[in-house]
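Chain lettering (A, B, C, D, E and F) follows the sequence in which the chains are written, and residue indices restart at 1 in each chain.
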Amino acid sequence: MTNSTQIPPLDPDALRNVVWSALEEDGAFRDVTTQALVPPDQRGRGVFLAKDAGVIAGLPVAATAFAAIDEEITLRFSIDEGDWVEPGQVFGELEGPLGSILSGERVALNFLQRLSGTATATRALVDAVAGLPVRVVDTRKTTPGLRTLERYAVRVGGGANHRYNLADGILIKDNHIAAGRARGLDIPQIIAAARAGAPHTLRVEIEVTTYAEAEEALAGAADVVLLDNMNVEEMARAARLLKGHALTEASGGVTIANIRAVAEAGVDIISSGSITHSAKALDISLDIENA
Amino acid sequence: MTNSTQIPPLDPDALRNVVWSALEEDGAFRDVTTQALVPPDQRGRGVFLAKDAGVIAGLPVAATAFAAIDEEITLRFSIDEGDWVEPGQVFGELEGPLGSILSGERVALNFLQRLSGTATATRALVDAVAGLPVRVVDTRKTTPGLRTLERYAVRVGGGANHRYNLADGILIKDNHIAAGRARGLDIPQIIAAARAGAPHTLRVEIEVTTYAEAEEALAGAADVVLLDNMNVEEMARAARLLKGHALTEASGGVTIANIRAVAEAGVDIISSGSITHSAKALDISLDIENA
Amino acid sequence: MTNSTQIPPLDPDALRNVVWSALEEDGAFRDVTTQALVPPDQRGRGVFLAKDAGVIAGLPVAATAFAAIDEEITLRFSIDEGDWVEPGQVFGELEGPLGSILSGERVALNFLQRLSGTATATRALVDAVAGLPVRVVDTRKTTPGLRTLERYAVRVGGGANHRYNLADGILIKDNHIAAGRARGLDIPQIIAAARAGAPHTLRVEIEVTTYAEAEEALAGAADVVLLDNMNVEEMARAARLLKGHALTEASGGVTIANIRAVAEAGVDIISSGSITHSAKALDISLDIENA
Amino acid sequence: MTNSTQIPPLDPDALRNVVWSALEEDGAFRDVTTQALVPPDQRGRGVFLAKDAGVIAGLPVAATAFAAIDEEITLRFSIDEGDWVEPGQVFGELEGPLGSILSGERVALNFLQRLSGTATATRALVDAVAGLPVRVVDTRKTTPGLRTLERYAVRVGGGANHRYNLADGILIKDNHIAAGRARGLDIPQIIAAARAGAPHTLRVEIEVTTYAEAEEALAGAADVVLLDNMNVEEMARAARLLKGHALTEASGGVTIANIRAVAEAGVDIISSGSITHSAKALDISLDIENA
Amino acid sequence: MTNSTQIPPLDPDALRNVVWSALEEDGAFRDVTTQALVPPDQRGRGVFLAKDAGVIAGLPVAATAFAAIDEEITLRFSIDEGDWVEPGQVFGELEGPLGSILSGERVALNFLQRLSGTATATRALVDAVAGLPVRVVDTRKTTPGLRTLERYAVRVGGGANHRYNLADGILIKDNHIAAGRARGLDIPQIIAAARAGAPHTLRVEIEVTTYAEAEEALAGAADVVLLDNMNVEEMARAARLLKGHALTEASGGVTIANIRAVAEAGVDIISSGSITHSAKALDISLDIENA
Amino acid sequence: MTNSTQIPPLDPDALRNVVWSALEEDGAFRDVTTQALVPPDQRGRGVFLAKDAGVIAGLPVAATAFAAIDEEITLRFSIDEGDWVEPGQVFGELEGPLGSILSGERVALNFLQRLSGTATATRALVDAVAGLPVRVVDTRKTTPGLRTLERYAVRVGGGANHRYNLADGILIKDNHIAAGRARGLDIPQIIAAARAGAPHTLRVEIEVTTYAEAEEALAGAADVVLLDNMNVEEMARAARLLKGHALTEASGGVTIANIRAVAEAGVDIISSGSITHSAKALDISLDIENA
């Protein structure tokens, strides 16, 4: 399944809310140290410095944070969102009232490091399947409160997005199947019930764990079949079965080591929770000097 | 510096807000799949199952999430907050309307996995310095929006907390020193200025990077001296200098591999950003069955 | 296309917010007349009386309003949500502190009358296509702030829901097609672009206005084709073309007079804006007496 | 009773909140279709086109919606708020980033159509009583959440406003009278109690249903007497009785067919719930083309 | 003008919001001292002790604060809202988790002392005019954010309320008159314009500063005339002029020393800003002991 | 203890929120009188006039209020924040749409009068201890909702701030000591427990009421000792004991009459609740004329 390479815009209202909340959380406007030590007219400048190699994501978030702190801060990035940086690379600079820069630094970096971490982890998976017709997507295993930003970072890293939440996509999981079976329904009947109860704009995706279940999903005319925690051979067999009838998504235990083999099994989509729930923050610093 | 082992309560208002926001973010009350497939009167039960070894943190958060989804869900944990679990260990169970359980599962797990990850990473550092009079603390490198919860997880893991934010602690960093020097002040004068401008209830902590700066901090009667990115020998020398005059905090590049050596250098406090910004989520699942 | 008859639950958080906002808007807790005239210990009872014939929707909303005003009010409905009432029919009663009943009456009725109006209008359309395999759905032409409630009322009236908003469904409208053509794309390419840029959980729906465009939509393998403002003959021709390849949705100018003919044209879905944007409120009163 | 013809300004804070909420509700910043299909640099223009005849109300609301979506959109209306339009009449145009225009269109139209519907219904009643000294006013039967906007639309349509809510006007209704009688009070005593308990800046209005009650209201020196559901003869008799002593308001069952007769009965004020609770949305479209 | 002696209920939603905000402002759930020193199972009890003489107002506010902190706290007051206390008098007691009591104490007392201060100041004025047919009312000179509570305290102190805010009462002040005169209007015309532009449920009150202006107000049939900063003789003359035609309100420079003379001048209403903007907090303490 | 004379900036987000809330509370955008009487194009100007002598605080708050009401209002102050004014002194002027000026006047003045009252009361205490090495500070006895602004006013008046709230400073009060004693702890053990349980960035302050307790506090190495309600001789004795070992704070019953004696007793800090809980509003008016 091919994938758009365009990075979508961030919801400006969501961006503003999350950044202001973070500034309030960090007491950025009540910075006792800076208020005691830095007079309002002292100016400073700083450079953004990568200390790890990776993909930068979150430049608009950092820009929003500094703009919220003080409109007099000017900020220029010498790279584009999604560019790769090497350790030691300077990728932007800012100038303005020194006190404001110091008070906003931590919040800006907390976002930038975390989102760059997710983008970098995503890029690693995407690069590992280069040339194959497969889409790498996120899951709902995101940080509470940051789903919009983290999904954005996945896009910046070259991945695509799964459903946003429980309300905008149908995914019949093992427990839903079990619930249906307890009421005497088989998989095709469960698929039909989901289709009857949901908006017609949504595809019906169902999670299966065996080849036999994949056959049932096919019988029920599922639109998408999630192959959960199957080994590569099973996955390939199921993918062949479903090719042309349903999209297939591989999920569970995907790592940088095995993702190419999974993709070669012929699935259309590979989802990864670790790119959001366990990505290592990219080490970035802001080196400041007095103007 | 010794440390209280008591786990403080979570701010109930903050807890409620963060959990409700997460449920809204995940569309938990508009779960199209579950609403189409699970009738309101179908009941289920599930068990919480650890799939990694680690420290569990966030039981009250998970409980709040399920209570918010549906007051009819009952939930019992067989361990206490902060207990260690082994892979395969069942540590709790819940029972109630199956649809509600399915709709709340992901949010509850997202919190539980993340907070347990931070608690586990903290415990590793704390255990590595067992027997030494040193306090392991967090930093402001937390997830935006989750600082209260992550600092709580650090306490659950046996660590202590640094200042909450810029408003409730003084920390004169390298850039503040540079700003002062640009105005002709030396370190003792900078410390005096911070003391003059801040509430008398706050200690004055200052970051130094060399032994010479530590001597200046001593001359300025700093209450706490943060030894930033020093090697262990320098740190030990500075700690000896300051012993009895100021608390000392080691910061920068602390890992499980070197923390004991750092502690043996004689510092009172060791701070770590990685326990909040890069902790790996602890793998936990909720295994559900029909009642 | 068949449709589930199950009424989904209302999001309790959304319900609470919208009801509290309405009570604040109406000054229900600062009712100067009632506070001056009705002592706290005076009790009253009242009955809900239908003055028009129609479908009742919003019983849980009315119940939430009275519970918010005063937990001592008890309320019992003698019908179920979605039942039909005749003029003069009493369908519920409440008892409690008289002042609280008077202060909450208007807000409760404002919701109940409006939602019942939408449910009644929906039921009329649904009944008109009885026996035909077609789904009657709403549009995004809802009252600002009340989309969740109005979509719920559509379900209560026997209809189904279209996408909730711009974020959870793809609908390529005439302007999107024109935008694509301006960039040199034909309809199959536009469909492919939408598919590439959106989550794989969403179907791709496209609006066409001619049979020729319907052929292009077929060539692009659209999942759903909206036949906009076509006459019944064109619609039937397009529906035959697409049968088995895509769902078809009829939209534009649907009335109680023509809906059966539209359905007989063979479309799967018929959408109506008037059931939300121009439904007449159902006349309902609360007849109160002193206890 | 004469009436000001000046249209009051809309509360800017209320306007902003209601518009932003509606945009969030519609997912206007997360429009998956537009984001996939319309590049940020593609521009468009559109015209506002009336498809029904009526009074336009809500131009500032539509302007606020498009400004919130994208500050680069420019918008010009060729009519004034409150002007009459004919079917086919173009009354404004806008130009800017095409994607932003498409994402904001529905919310802007939802407000504009609804408010124009209320203004049009109001104008019909006002025109029907042209030349008579009577004020046409709204009621509290407004859409929850939209009272401020709907009352504004009534003003735009040439009507006036009744009290905003329960807190800023006294209206002793039948149930209040019954409550007082149950405690042994007659109508003059009830009026006195209301006067004693409320701010002196409020008139005391009382609802009566018979001529005898109107006599009691006069004895109690009510400031305003609401004549509820009386026939025209009774109303005229009561109006003559009260002339010079109290204002009179007619309420209940007022339609375009009977309003002139009601006005000729000599009342000062006529209130109508249908102009807010059951106004038909005015059909307006935004015709868009690529720039 | 007589006045109701009934104390109206507090808006529960407003009460909850203002109390929760105050608890958050005071960090009541993050009380580092108490969390470090008082274990969760240690219990305490305390008594409310008056240290000044005065009227107690705010018992429900204090109760709400302690209930918000910890539902296990039980609280009993031995007096009623509005009762007079003497220095040294115990008027209530509470029992519960000691830590919760300590964390909530300050917020509860801040409200109780301030509201009791306003009630006490009001009572002093009310007592000074005992036996005279005059109503003592507040103004809009209240503490930002606390208007609802302070107006309530005025009622508890035996006073009455003026309009709540600019939206729910008409008061034509000197600057409005000057604005009208600049446009060529005289006072009767200004009164007519206000009447034309405002809901018919509001009286028209106008501020005058001379007897001549009072005559003009009478000519314009003002409903209420505010006599601003007149001496007692002028006031008496104006009151005689207006008796039977309009209510009269004395305002400006009213003190405990001169209020009886002002009342004897024959006005209906006397307003005082000092009872809200400059009332001295009543000294109240909570004496706590371990259970 | 010396004190910075620099006035810190106000948190812009907090400022905006508190001002907007106050404007909404006062109905400033729904001012029925002004909307009926002042056309949008009528302009006015006004001057700020002091009617009492005192310190002006809150100029940025007043400016924010008028800017929020109408961006066209221009405003110039001829004094600086914190300057002293005499009765009759004009200290600023504004010009703009007259209606907007009238609608915003009361809220602007309510803030300005109250904050100036606190600044003036603070200045009186500060001046009374001129030349002595003592810091005058506020307490937590602030107006609910206005702590940030009132603490700011204390700074404007030349005072300093105590801890912001329970979360950012440790203060072991008599009840905490009693709680500890009930568990068998003495004062040094209580101090140690607080130190163990709190961030290392906070000083430990303890309240004592006798010389003997002061000795215990010294033994426990408290950082700050609050001498509560001691007479001046005791205070002097305790201050001598603790000099060089801990800061000392005098609290309780401090007045303009006795503060110099208290300061001469040798304490470092004097705290006063009355400057926030009982400060008299400074009388300020806005004299407006038509432009």
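Here is the rule we go by: contacts are C-beta pairs under 8 Å (C-beta built on N, C-alpha and C of every residue); 3 or more make two chains touch, one makes a residue touch a chain.
Just so you know, these numbers come straight off a predicted model, no measurement behind them.
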item	value
Touching both chain E and chain F (chains)	B, D
Interface sides of chain A and chain F: same vs different residues, half threshold	different
Comparison of A-B and C-E (more C-beta pairs in contact)	A-B
Rigid-body rotation angle, chain D and chain A, from Cα fit (steps of 5°)	120
Chain centre separation in whole Å, for chain C relative to chain B (CA means)	46
Whole-Å gap between the CA centroids of chain B and chain D	53
Centre distance in Å when chain D and chain E are each reduced to the mean of their C-alpha atoms	33
Multi-partner residues of chain D (at least 2 other chains)	4, 6, 8, 30, 35-36, 39, 164, 167-171, 193, 196-197, 199, 202
Touching chain combinations (by label order)	A-B, A-C, A-D, A-F, B-C, B-E, B-F, C-D, C-E, D-E, D-F, E-F
Residue numbers on chain F that touch chain B, as the complex places them	1-4, 6, 8, 135, 137, 160-164, 167-171, 193, 196-197, 199-203, 205, 223-224, 247, 249, 268-269
Residue ranges of chain B touching chain E (in the complex, touch as defined)	4, 6, 8-9, 11-14, 164
Interface residues, chain F side, partner chain D - complex	20, 23-24, 29-30, 35-36, 39-40
Complex contacts: residues of chain C adjacent to chain D	18, 21-22, 25-28, 30-39, 42, 44, 98, 102-103, 106-107, 110-111, 113-114, 117, 140-147, 164-173, 175-176, 178-180, 182-183, 190, 193-194, 196-199, 202, 277-278, 280-281, 288-290
